[in-house]
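Labels for the chains are A, B, C and D, by order of writing; each one numbers its residues from 1.
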Amino acid sequence: MAVSVRIGVIGAGVMGATHIRILAREVHGAVVAAVADVDEARATAVAGEAGGARVHAEPADLVRDPEVDAVIVASSDATHEAFVLACLEAGKPVLCEKPLAATADSCVRVLDAEAALGRRLVQVGFMRRFDPGYTAMKAAVVDGSIGAPLLLHCVHRNASVPPAYTSEMLVTSSAVHEIDVARWLLDDEIVRASVYAGRSTTTGGGRLRDPQMVVLETAGGVLVDVEVFATAAYGYDIRCELVGETGTAALSPPRPVEIRRAGHEGAAVPIGFSERFAEAYRRELQAWVDGVPGERTDGPSAWDGYAASAVAEACLASLADGGPRDVELAPRPSLYERETVVPAG
Amino acid sequence: MAVSVRIGVIGAGVMGATHIRILAREVHGAVVAAVADVDEARATAVAGEAGGARVHAEPADLVRDPEVDAVIVASSDATHEAFVLACLEAGKPVLCEKPLAATADSCVRVLDAEAALGRRLVQVGFMRRFDPGYTAMKAAVVDGSIGAPLLLHCVHRNASVPPAYTSEMLVTSSAVHEIDVARWLLDDEIVRASVYAGRSTTTGGGRLRDPQMVVLETAGGVLVDVEVFATAAYGYDIRCELVGETGTAALSPPRPVEIRRAGHEGAAVPIGFSERFAEAYRRELQAWVDGVPGERTDGPSAWDGYAASAVAEACLASLADGGPRDVELAPRPSLYERETVVPAG
Amino acid sequence: MAVSVRIGVIGAGVMGATHIRILAREVHGAVVAAVADVDEARATAVAGEAGGARVHAEPADLVRDPEVDAVIVASSDATHEAFVLACLEAGKPVLCEKPLAATADSCVRVLDAEAALGRRLVQVGFMRRFDPGYTAMKAAVVDGSIGAPLLLHCVHRNASVPPAYTSEMLVTSSAVHEIDVARWLLDDEIVRASVYAGRSTTTGGGRLRDPQMVVLETAGGVLVDVEVFATAAYGYDIRCELVGETGTAALSPPRPVEIRRAGHEGAAVPIGFSERFAEAYRRELQAWVDGVPGERTDGPSAWDGYAASAVAEACLASLADGGPRDVELAPRPSLYERETVVPAG
Amino acid sequence: MAVSVRIGVIGAGVMGATHIRILAREVHGAVVAAVADVDEARATAVAGEAGGARVHAEPADLVRDPEVDAVIVASSDATHEAFVLACLEAGKPVLCEKPLAATADSCVRVLDAEAALGRRLVQVGFMRRFDPGYTAMKAAVVDGSIGAPLLLHCVHRNASVPPAYTSEMLVTSSAVHEIDVARWLLDDEIVRASVYAGRSTTTGGGRLRDPQMVVLETAGGVLVDVEVFATAAYGYDIRCELVGETGTAALSPPRPVEIRRAGHEGAAVPIGFSERFAEAYRRELQAWVDGVPGERTDGPSAWDGYAASAVAEACLASLADGGPRDVELAPRPSLYERETVVPAG
């Protein structure tokens, strides 16, 4: 009867542990079979929580392990390219946290390797595509109920960030989610980017160029603006409104209970992404696991990972000197041809 | 490594098929091992969708099947008692859709059987206790943020009901959920019930006494009012506000996207319970499956099923003659002693 | 050109001073010409603020003052009847704060006097009929967009009440507004009342039977429930939802700004009625002043004042002994015949 | 006793008629004394509605009329400068609809004339400063509850515009309101402007560069983005969110009633500005009339009118060629020195 998909996870930090916990508790048909981490004690601890997964000292061994059917890469950013390439070599489906690789150029090496293989095994961890709110927004575009898209307004606020977080990471670590969301919602490539950095907030010690405002333009002429605010203090808050020719569709974040007390009415704003996007992560993992046996990968592809990195690099160039930058994309390999989505009426 | 819990499902109608679909797609560690239904073709069809579960012509055979670890009873109401008793006899955990049995008296027979067994194997399908909104309301009571409860306002609206639905079912099939929610949120028993039936809606052909308004009083003096409206036309809408001494907590139903178009802004209201409570069903089943190996049943107990039926019977008596009715509960067996919850602050 | 209407105000307490301030600052075509109060110093102070109105030691003198075109009665409840009768005798339009008179029987004396006069000069201060929210609810009933009314849910919460406030005043001073709103929204008379008083809140010292739940039934079979909670602590909060055969219409209280800070998002709840219903008071006074020259009184009539008092008395009887009470209304004089409102569609 | 302020209105089109109607029905202490319009029949009709105001064929005669205490200029844009200068010459307070004059340079002539006079008689019709929502946002800035401002997000959507409306008018007629709001909320001057025009909507025939996105930068480093969408089809929708260092404050537009029907819940969006900003217009006019006798003008000054025009001109230059433009402001005459507002905490 039902045979579970055996998952190996590289990286047992916050992100890897989150995936392992979800796989081991809420995903049908998944078993966490192996864990690898540069910190072997951490790997062992997390493997224990997942019901006794094997621990590999070497990620390469995990990838080759015959009792591992598919791999999640959640290690440090610089290591992603090598581990994804190893998975391609081993012919195993891999879900790689963003970024796909350290630079747009290194993403191209992954594209080349996958194209050479001739089949898609890579999914990039842009989990928002699985969030019920974004999914409903996408449906509103596709069903034609708000007309053809014209503008997209995005807000990405973190309550706070770790000390190692830099001004560039507002783009590469935070706004990159909006870059993917924009490409996916609009079914369009981004061709130009401008970043504005005004007065920075003083609450975080004034260390960061924070907030920033990103303006993106798509090939189809849609304008996208993104507020990225890494130390917004009050909570983790993600907003998105798509403006079409006849209406708009906007995220309405999950607020399961309304409280009235002490002269106020309203709801709690979550503090972190793992609470806000818990359901998105669960659905991402369930869909990915479901696709492993048949090598079906409907999620964000290596191409999506590459394009997001290319746009992010244009943003960084704009942030550095203040002017707009064109995004130069490599030709899209035929492996990543989109199926044409015909919007309704 | 991970061994799946093998579930047998009795009843392959709407409710049973919903459970089977969730178990087979979204519940970690569950396998649908067997299905039984009076309509064997229907059982076979549903079993096929679940990946090849065995089909039993006789529910009793399913209960006794050594490859079934736990049972879900989702057959017609009149059959619940017998199947639950069979599960108890077989020593297998059982999740029984409401009602636990056809009458409060027959519920007592289940209580007696379980008490004789000396351990709790029965969970009743009051899935709202697993809904994120109700869970957050419960947390607001327990953490003391709204003060001690004084009033509970409930609204239960169905868009429409099948032809077989009767005026009594507004209580026994619909308001019974609010009866359980009130007992659970307030951690209190209901001692008196009054039902008001005013002018009935004409949209459903005038066949039903619909809507009805139920007023409940708890042992602790909390007042509960419930609007039950079976043919509310515009959608399936469940509302609940708990009024405490210093504040209130209210359900804020999931509305993942806000649409503005054609002179209006707002959100879609779901048409049915399976959409509104999809997440509650998933969490209910995951928690129940998780508990099967250790026979842990934190969900609504047989006592909760009995108490809800007893209150519903008082409501029906009040509906019949218009006056208030006292609820007479049998003594609570020690097996069902509550753990004391100490509310904060 | 424009001649101002000269208003005399009896009572310079909170309510009278509120009316005077609005008349003197925001109502077109009104002049506060005279003020009377048992506390002459208070009258003088308030008259000064209004730009130098005359002060009368005797309310009767104010009513007879030839330079007073119309009168507002905002003195203590026990005095209303006498002052309204004096206005009728003087043939001057009068806006009387609720209650119209101390008892339903004394209201009848006002009805008789006005009927003898043969024209309507009395308006009762049920200002909610002028609130933009209630007005929009009324429009939704009349235009047929939610179908014929079936249920009305009301919530009336005060943050706190003065020491002199009694358990009976939850009905006569607070719920009486909902009684009028129900009669007006439903265009129907209330025929039966039941009051439930469960556990009382401990925050106010336990002095009051607070909260109470009132259930009203109309001649047309509509059920109305009213939560009245005099010491709700968190704010002044008025809610109302009308349930029709095909939809519902609910108050959405004014919340001009949404604030997100410190882990929460939401809005301030006003503390008092004068903030919540500021616009209703302004519109009430503007409409009343506009009607003075032509003796047009579209607002709540003496009959509405009487009916509200009769229903409140039935509520008090129910509160005293717990059972339902029928409302006995005197025949409606032809002077108060309603114009027939034909609901659409 | 109370002496009414006698208002003369130049321009009896939509805007002038709106002012006249409000003055004649809802403003305390105001009388519409005279009306002038190039279309004398229109002037006569509107004057009649206002209770018999005098009609002047020549606006100059209206300004000089000894029975006119103060003037409203609501004629065509090109005429504003001359009429305002005439009012200054006559020493009469004037409320001028935006724009103050046809160009920033011509605004300077008004500034010079008023400075020469040595006292402020001019108010510009940026009525949003009187809207309860914007007023509450301003309060949230001043009281320090959201921290020092960093970003301001604005949305300005019209359902449709008249045939004479041009692509430039998205800036000069629509976004100019946001330009004023930004300057006022932030108490800061705008120093740079960029306008993005992507794909235009097809619903209006493709005639306009519509929508546009405006990015403004203030002297203090705050970034402001403004969506202007002249043919948004679904309704008139104005949004604004101010992001501070510790929180945000956003407009929550008036929605007095929530309707649930036909599978949806939500509220009506108004179709036009006069409905959305009815209360702002009323408050603007009441405050202006109150200030006439003492020549107190707390509203937007001639300087505000000039600065808005200067920023709008920079926007138009950016729209023409796509690059950012610096805003060059003339020195601020001492007559327009701001009082220092010290933000709290």
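Everything that follows uses one rule, which is that a residue touches a chain if its C-beta (ideal position, glycine included) is under 8 Å from a C-beta of that chain, and two chains touch if they have at least 3 such contacts.
From a predicted model like this one, the values you see are computed outputs, not experimental measurements.
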Touching groups left behind when chain B is ignored (all other chains fixed): one piece
Contact distance in steps, from chain B to chain D: 1
Computed distance of Cα centres, chain D from chain C, in Å: 37
CA centroid of chain B to CA centroid of chain C, Å: 43
Shared-contact residues (touching 2 or more other chains) in chain B: 233-234, 246-248, 255, 258, 260-262, 267
Parts of chain A lying in touch with chain D, wherever the complex brings them together: 147-148, 150-151, 153, 155, 196, 198-199, 201-203, 211, 213, 215, 217-218, 220-223, 225, 227, 229, 232-234, 243, 245-248
Residue ranges of chain C touching chain D (in the complex, touch as defined): 1-2, 4, 23-28, 30-31, 33, 51-52, 131-133, 135-137, 140, 145-146, 246-252, 254-262, 267, 279, 286, 290
Complex interface listing, chain C residues touching chain A: 233-235, 237, 255, 258, 260-269, 271
